[in-house]
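So that you can tell them apart, the chains are marked A, B, C, D and E in the order they are listed, and the count of residues begins at 1 in each.
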Amino acid sequence: MIIAQVIGHVWATKKERTLTGVKLMVVKAEESGEAFVAGDVVGAGVGEQVLVCQGSTARRALGGDSVAVDAAIVGIIDTLEVERAKAKH
Amino acid sequence: MIIAQVIGHVWATKKERTLTGVKLMVVKAEESGEAFVAGDVVGAGVGEQVLVCQGSTARRALGGDSVAVDAAIVGIIDTLEVERAKAKH
Amino acid sequence: MIIAQVIGHVWATKKERTLTGVKLMVVKAEESGEAFVAGDVVGAGVGEQVLVCQGSTARRALGGDSVAVDAAIVGIIDTLEVERAKAKH
Amino acid sequence: MIIAQVIGHVWATKKERTLTGVKLMVVKAEESGEAFVAGDVVGAGVGEQVLVCQGSTARRALGGDSVAVDAAIVGIIDTLEVERAKAKH
Amino acid sequence: MIIAQVIGHVWATKKERTLTGVKLMVVKAEESGEAFVAGDVVGAGVGEQVLVCQGSTARRALGGDSVAVDAAIVGIIDTLEVERAKAKH
């Protein structure tokens, strides 16, 4: 999973039918800085630091393997403990 | 899903048989600027801002899990609300 | 799918058994310029502009979900119509 | 799989229910330098050099194909033997 | 599939149980220059130019869809014939 920040919402009236009722949020990956859209399953809000999973796992996280989603917010991060010294490259 | 703009069409007479009848559009990812081809399931037109999903999810969005497609337009974006201040890196 | 050009062939005598009989071609992605190997299901030739799908979709395009292939040429492009003005970033 | 170093932990109280009990660690890919979060199945500790697999394989490594994880630590590296001369590009 | 060169081995005593008996080799992608670890199913040796497939296809190439591997060496390249003129970008 990647660590991202929720930065917004997106609305689409015309959409694939399995997306009905899915809360779509704009997230920004902390490492790459890239923004993309993820379905939310944990009630995340703008500004929160979250865990985002991608690919077929995201589809399953949204329930039932048939939702047209390839990224999902699966956790709201409470604590992130990283040993920066160990992270030296 | 990524946010992209529809920028064109592509036609192929010789193609894998499951692609028959699939509307193939050229989309340009807003973040990376990269262009690629996606099957359309929502009736998107050139110039529209859309949601594109990729991988096995795209195949399923086009119905039946057997279509030879790895990217699909699954929504036409009405509103995109991003808090740029929150997006600071 | 990505738009690529067929630039060559690759032969492997020692290979995973499901690759027997699969025509393996070297393709070059038009956007990234990256070259890789794809199985061909449409009879593409060197120099042709093609559609390449990747991941589990490629495996399925080659028939039966068990072929050891993660990229497949699934269409030969006849016409590519892109509105460059719309493509401005 | 990629070679990575374990550099930290992440805790999330609000999370997708299948993540309950999964040990989530922050890993840093040695090649790209990118940090991300992986579920641990081998009891890895901070500072260890590990093998990380991604995608649907990660989900399966955590057992049962339903866990909301797209990266997993699947091995702790004892020995890495690379012929740097052969690695010249 | 990508074209890579086998540049080494990796050993892990503590590993996910499905990796037992899998020969893990370090490969270097020719295009990107990136090194990663792949399971070998064709008896490749250090210095050989090989075909590597990734994702769920790799898992299946190693037999049975349950092996914790996301990259596999599936062919040893005999001949690579690329028309460099056609490859101009």
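Operating definition for what follows: a contact is a pair of C-beta atoms (placed from the backbone, for glycine too) under 8 Å apart; a residue touches a chain by one contact, two chains touch by 3 or more.
Just so you know, these numbers come straight off a predicted model, no measurement behind them.
Counting steps between touching chains, the shortest path from subunit B to subunit C takes 1.
With centres defined as mean CA coordinates, subunit E is found 19 Å away from subunit D. Between subunit A and subunit C the centroid-to-centroid distance comes to 30 Å (mean Cα coordinates, whole Å). Among all residues of subunit E, those that touch two or more other chains are 55-56, 58. The ring sequence of chains is given as A, D, E, C, B, with subunit A as the starting point and subunit D next. Residues 1-3, 31-32, 41-43, 51, 53-58, 60-61, 72, 74-84, 86-87, 89 of subunit A touch subunit D in their complex. Contact residues on subunit B toward subunit C in their complex (touch as defined above): 5-16, 18-19, 24, 26, 28, 30, 33-38, 46-47, 55-56, 58-59, 66-71.
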